[in-house]
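Notes to accompany the following structure.
So that you can tell them apart, the chains are marked A, B, C and D in the order they are listed, and the count of residues begins at 1 in each.
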Amino acid sequence: MSMMTGEKYEQSLRKLNLNVYMFGKKVGNVVDDPIIRPSMNAVKLTYELAHLPEYEDLMTTTSHLTGKKINRFTHIHQSTDDLVRKTKMGRLLGSRTGCCFQRCVGMDAMNALSIVTHDIDKKYGTEYEKRFLKYLEYVQEEDLTCDGAMTDPKGDRGLPPHKQHDPDMFLHVVEEKKDGIVVRGAKAHQTGAVNSHEIIIMPTISMREEDAEYAVSFALPADAEGITYIMGRQSCDTRKLENGNIDRGNGIYGGHEALVVFDNVFVPWERVFMYKECEFAGRLVENFASYHRQSYACKAGVGDVLIGAAQTIAEFNGAARASHVKDKIIEMNHLNETLFCGSVACACEGHKEPSGTYLVNTLLANVCKQNVTRFPYEIARLAQDIAGGLMVTLPSEEDFRSPEVGKWLEKYYKGNDSASTEDRMRILRLIENITMGTAAVGYLTESMHGAGSPQAQRIMISRQVKMEQKKKIAKQLCGIKEK
Amino acid sequence: MSMMTGEKYEQSLRKLNLNVYMFGKKVGNVVDDPIIRPSMNAVKLTYELAHLPEYEDLMTTTSHLTGKKINRFTHIHQSTDDLVRKTKMGRLLGSRTGCCFQRCVGMDAMNALSIVTHDIDKKYGTEYEKRFLKYLEYVQEEDLTCDGAMTDPKGDRGLPPHKQHDPDMFLHVVEEKKDGIVVRGAKAHQTGAVNSHEIIIMPTISMREEDAEYAVSFALPADAEGITYIMGRQSCDTRKLENGNIDRGNGIYGGHEALVVFDNVFVPWERVFMYKECEFAGRLVENFASYHRQSYACKAGVGDVLIGAAQTIAEFNGAARASHVKDKIIEMNHLNETLFCGSVACACEGHKEPSGTYLVNTLLANVCKQNVTRFPYEIARLAQDIAGGLMVTLPSEEDFRSPEVGKWLEKYYKGNDSASTEDRMRILRLIENITMGTAAVGYLTESMHGAGSPQAQRIMISRQVKMEQKKKIAKQLCGIKEK
Amino acid sequence: MSMMTGEKYEQSLRKLNLNVYMFGKKVGNVVDDPIIRPSMNAVKLTYELAHLPEYEDLMTTTSHLTGKKINRFTHIHQSTDDLVRKTKMGRLLGSRTGCCFQRCVGMDAMNALSIVTHDIDKKYGTEYEKRFLKYLEYVQEEDLTCDGAMTDPKGDRGLPPHKQHDPDMFLHVVEEKKDGIVVRGAKAHQTGAVNSHEIIIMPTISMREEDAEYAVSFALPADAEGITYIMGRQSCDTRKLENGNIDRGNGIYGGHEALVVFDNVFVPWERVFMYKECEFAGRLVENFASYHRQSYACKAGVGDVLIGAAQTIAEFNGAARASHVKDKIIEMNHLNETLFCGSVACACEGHKEPSGTYLVNTLLANVCKQNVTRFPYEIARLAQDIAGGLMVTLPSEEDFRSPEVGKWLEKYYKGNDSASTEDRMRILRLIENITMGTAAVGYLTESMHGAGSPQAQRIMISRQVKMEQKKKIAKQLCGIKEK
Amino acid sequence: MSMMTGEKYEQSLRKLNLNVYMFGKKVGNVVDDPIIRPSMNAVKLTYELAHLPEYEDLMTTTSHLTGKKINRFTHIHQSTDDLVRKTKMGRLLGSRTGCCFQRCVGMDAMNALSIVTHDIDKKYGTEYEKRFLKYLEYVQEEDLTCDGAMTDPKGDRGLPPHKQHDPDMFLHVVEEKKDGIVVRGAKAHQTGAVNSHEIIIMPTISMREEDAEYAVSFALPADAEGITYIMGRQSCDTRKLENGNIDRGNGIYGGHEALVVFDNVFVPWERVFMYKECEFAGRLVENFASYHRQSYACKAGVGDVLIGAAQTIAEFNGAARASHVKDKIIEMNHLNETLFCGSVACACEGHKEPSGTYLVNTLLANVCKQNVTRFPYEIARLAQDIAGGLMVTLPSEEDFRSPEVGKWLEKYYKGNDSASTEDRMRILRLIENITMGTAAVGYLTESMHGAGSPQAQRIMISRQVKMEQKKKIAKQLCGIKEK
């Protein structure tokens, strides 16, 4: 079929039989659960925009396997131009949803696997690439959303997988069968997990021989037997259960993360893409990380929304022409575009891997992500500066609707004539949402830790720069003779 | 009686008959309301610590009116030493509650009034100081908590009070009676309002002749007829309504703000401290602001808690010895102590006003507060860096208690052996609380806007520095002859 | 001939008859003057590297006019790939010279003129483009270095050109003749002026009808009659006159700026590219500025040298393995690569103008330059941190060579065994050179003000972002209905 | 005599017979050497201001030994008030000289010795304190300037003193005689060394038993036999040798550092204040460091000059009313006052040592200095932003005086009517002086490394904060039970 509509995507999710828990209870209807729903809406938009002519260039492309038109989220990048469009697609969706739209993690996992399955096969004569490409064709054909699952709980961070007290702290193979393998473990922080049709598992760190059983990559349907999802809670999550829609800030979209538990889950061989080739675990991690660090262009999109909201409240407050407000808006834009530059640059400077896949420039992808661990926090701070204190002292929508006290709020929280009190409340709640509420989880904390914490990028930056060359020229210029 | 115990303070609140609204409904029992209660606990601690010998120096002092031992929160500063102790009292309480303890605003209002009532009387032969000192003695004697109410809704910020479309956008006198005045208007962002026995009203800006009816200051019992409180909602406020106490982060303390509406409220003359002396409105605002900007030393106290929490989670994660983690902890401490330095310095450099009251150094108080609009955000960012992503993807306490999935959380969210999974959850929720949850309202957004937004401090800094002198010496040194 | 060698370039300069002043005296032999010579060496390297096979891709390209191989510095960009290569050429040269190599300003001027001459002709049927392309062919054929001269002295910044007390504060036409025009005025801060064969003049601001005589662009041989060059002095410039070569830091390369005075200089019509078409002055300025802001990728090259030097001194000091030193080196690299990302991104996002020339993305070019006004200062600060205090307390090379005290320096300024005292001195002097000495002029202050001061970029950023779109989506997400 | 005049101070220096080298030659007349002279002028001002009534409070005090009026630079602090006045004296002198006035280092050394000699005596029954107080009385009586010499060359930083290849890399005792000791070694970066009457030696690090011979402290006349001074050179130092006085920026004052070599120098017992009591070496270092970190309040004084210069050039450029310029000036002031707050706070929070001397709060002194390693760089960057590019492209004073080209400079470098071209040049050269020239050595690089490099302060901050207490409260608040 290729290229589902948003409507069909939603229907397809209803057919899944996911085992999801939240607030200690099993979720009966995942798709319509008010806390989960906004995150589904965000993924759904990745399907909807793909059908709009104005976004065709960014949202769709041609499969290098089948030559068919496909959603870019299922594509293997065939050029630096593809990589740059990926950056822009991410920003577009961030700027349309104001949150995490979750679908990039599967795309990044597939692109990383396309490189590494090829490389393993080359060394060992295995057939992972063939399996993977068959799987990929299925994903493209059905236009599936895949969760890319990497992060293990890790237990004691000072110990390698095989030395952990509890051997399950890293997901691993517990049994090898004729027709496949059985795995156990968990993946934490899984973005968009319960909105996915498939889940693609990858190891989370470089591994040695002793950790061979942990060096495993595979894909499974999201509702495979033995998989349990436990939803992470977010700041202000239960506002979505309240009456009204002002206090939730973003009335339409959201994100989510879950802990995914694999309790002796069977994986058939055709879905296994790495099996004990431990020396390739590190490469897979690194490639995935590079792609995913590029993906944080989406935060420039969320930044667009926050900047738009800050400008709007400045106008509602009658402060938009104050020079310090204008300057803060400029600074927000400057930082936001600097983020975007990093993602564009690592894409533009990408290169072709032996598999034919284009990989981003690793150094610049890490530089990109490192800035993402800083600038959204400063942009958020400036947004709160412009918003004013009312953002955190505003009474509830129910007070606003109350016959007793609603009149006082209507009267006293009126800004200038350009906006009603309700509109002012709405935009303040959106800024709260992105800087302290459900979307702050994605805009701030996940900007910090997603695709690797800041220190991970610093280590990569340190490894990727050509320090010897820099030293050599410095010495030449000041007249130090090399021995 | 002087010096209530915490218990008596709580009882005294029960006797008030406040008209409080929250979520569209009137709050029947304010003291025991689960959302408000933690904020009461924080104020209560200001009474409790005053009875502990180890804090006697900071928490208590001797009344210059009666010579009796009093809680420092009701004191008029008689020396720079008093001012420095005020700074330390604020930090102490911030570091014990991890939130806003609300009582400083009334102390700052009283000190500002002690100066300005004296000055008005001197010029006009009025008797405001006498009235005020009588009121102060009552407050000291009864050991009352006072809300200091300054911020009007302000409507269109481009217009002065008398030109607003709605004349009530600034609180004002609507009727003069024989025995007092009638006022109408509202005060926004009132910290700790419903935990106060008294409310002290001050004008919010400098005023001219035409705004004379807005230049009014007075005090009222918190439950005077015609006063309505509408509670502001905070990020994650309703977690306090949930079962369990992990997810709320800070299990004991909190803060609150409210909109306070004055609907034709009568004020007897003996409680009026300024009445149409519009040229003193600006002085009162400025003095209050200076005192209150000093008060932000409390944020260094909250910073202590956040730093302690960050160090704790680093240890639980087994990451406390990583050099980058140690360096981030140092940076957090450095920034936090820089905040403290500002508050100490403006106190140490204080001076005596004609009334005998000691006032902080205005320039340095503004410098202090300006740093408070920046550093807590960076400290919070670093805390989130150290905490790790789990802080925002952790399932709920109810999941943890659940017979079905609790075991998975227990198993997979275990850190190293130094802590149980539950302890790890608890400390993560505390960091969430201070950086995104209810306490973030106080630690971040109110650090930004409380006691004046950053631009207000910048204007004051600009006015207070001696620029002509700086120019003069620069010119001398480079040989420019002054004309 | 096309593609001069470095040697021929130097010879060609000897043939010029420039009127140059420095320290109040006319410079007889410009090429061999010890203060100017290092800047000539830097330009010379742009010729030398063009003949090395390993840099062919970056340093050379094919003329779109003649199809001949040319030095990229004389090229009109024909694709975004060309723009990206320009970025990399700049970084390469910065990293080879550790200073400003001066030749990009002429390249940027020519590219800007290629667009605007086309556009003027289109509107007015003039023949500027034809003239310009003929001139360009000459420049390419002879492989000339051109100064691109924009910045007028400007006098009272509050007044437009025609209202200045002294009409010459902006360069202008003072007489129209049959065969050309006569101009008067001056251009300040002219980088590499006395190493140039040609000088290309452009207006410095947008202009209105009343300023028509100031809206003039043209090219002249650098030694045309009536042109005087007055060399700007740099920090530590006279160290180049001293014995020895340690104290100058960079023993080979440097930069320079000059004030260029035009005292009734005649320009023949075939060299005039704009003449009173005042509405195009702004466009020319803006296009040149965009190109030139991209050019600041060179500072990432100088940053490479400074990082290499910092790493080297850390090793000489035995401190390279200290975690805080490693972290500072990473930070330097991170900031440096962020600069590079901006320049790559604005190139990659370039577009084709009607003339066929590719122009960089204006928004991102401004973002790139804005970061250049900040990060080199922080990189320099970190370099000084790593270098240690000795950098500014080191005695002179003459002390080191002295029979009386040289032994003490040799003895006491020895670091660890990896380097001699002399090598340690050399690398410290290089860091001093880039952070406080002659090269600091280019690395810091010109990073601030070259291609427009920071505020100029902020205004452009403000104009280029799509604010209405950002506001629109923010409103949609929080449920505000647009009227 | 007590309290020399400036004139007498200068005369007293002429009587010294110092062995000074600069540029490889022995300096005959140190006092009148044009490169050294400005630094002498700065020390001289510490004598001159002490005689002005308006500075009596700050510059003078009463000796606790003799009860006589003395220059505060020779005082042992007897109260926190003394410490606060020290802070203000430093800022005053920095703001009057625009550079390092050098005399604080001896004051800090004496105060540190007053504490430690007392403590050693207490433990060992030695008589260092008696000796020291006698010496102090002499210093006070004669009103001497003392160099406080701590920093050894240190050689390989990975090795302790006794393991260095060259045993002289730390100054040490080489012979014990009946009447005294003989020492060898060197002290680097000695601020104001050749303007001092006396030199006070202290060890540079904590030491163990094996390093006992390095644990030595003593005082000597600056011209004692065997001492050689080798002047460090500064950026732009030789401008002081040029004609005219514009280009040097600061026409009056400056600073200097020197390497001081001790080649078997004899010290009589009465001048020895520590001798092999190695366990007190660390305390002496730490106390000196704390005092000296406080002393960096002087940089707020230099900041005053730079801010004054920036405001002046903004006015000369006609840009002083631009909102971004005003905002940058505010930021400069804000950062500058934050530095001041740190110094005031550590003074105000000082305490009495067993010797009776008041010591600053160590934690806050380190916080103070840590900010000094950052903010002056940012203030300097902002000053360069405001100054404009002309600061680094301005021709020389000789060009300005030249009959041929002076007219062009006069004409084209005219700003608005408020200043002559010459005045504009002068103020630009002053900003260059402080941000890149001789004074940048003190304002920037020494702000970084003086009194310990940034990492030294970070280690101290880490040690001084009460981390256990912070953790304890964090755990309490979130409900973690301590085991």
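In the analysis below, a contact is a pair of C-beta atoms (placed from the backbone, for glycine too) under 8 Å apart; a residue touches a chain by one contact, two chains touch by 3 or more.
Because the structure is predicted, anything quoted here is derived from the model rather than measured.
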| item | value |
| --- | --- |
| Listed pair (A-C, A-B or A-D) duplicating the C-D contact set, over half by residue number | A-B |
| From chain A, the most remote chain by mean C-alpha position | D |
| Chain pair, B-C or B-D, that carries the greater number of C-beta contacts | B-D |
| Type of chain A:chain B copy interface by residue overlap (half), same or different | same |
| Whole-Å gap separating chain B and chain D, where each centre is the average of the chain's CA atoms | 40 |
| Chain centre separation in whole Å, for chain C relative to chain B (CA means) | 52 |
| Between chain B and chain A, distance of the C-alpha-averaged centres to the nearest whole Å | 38 |
| Where chain C touches two or more other chains at once, by residue number | 324, 327, 458 |
| Chain C residues within the chain A interface of the complex | 84, 95-98, 245-246, 249-253, 304-309, 311-312, 326-327, 329-330, 333-334, 337-338, 340-342, 344-349, 363-364, 367-368, 370-371, 419, 423, 426-427, 429-430, 433, 458, 461-462, 465, 467, 469-480 |
| Touching residues on chain A, where the partner in the complex is chain D | 323-324, 327 |
| Contact footprint of chain D on chain C as seen in their complex | 21-26, 151, 153, 155-158, 166, 168-169, 186, 188-189, 228, 230-236, 238-239, 247, 257-259, 261, 317-319, 322, 324, 373-374, 377-378, 381, 384-385, 388-396, 398-399, 401-402, 404-406, 408-409, 411-417, 432, 436-437, 440-441, 444-446, 448-450, 453-455, 458 |
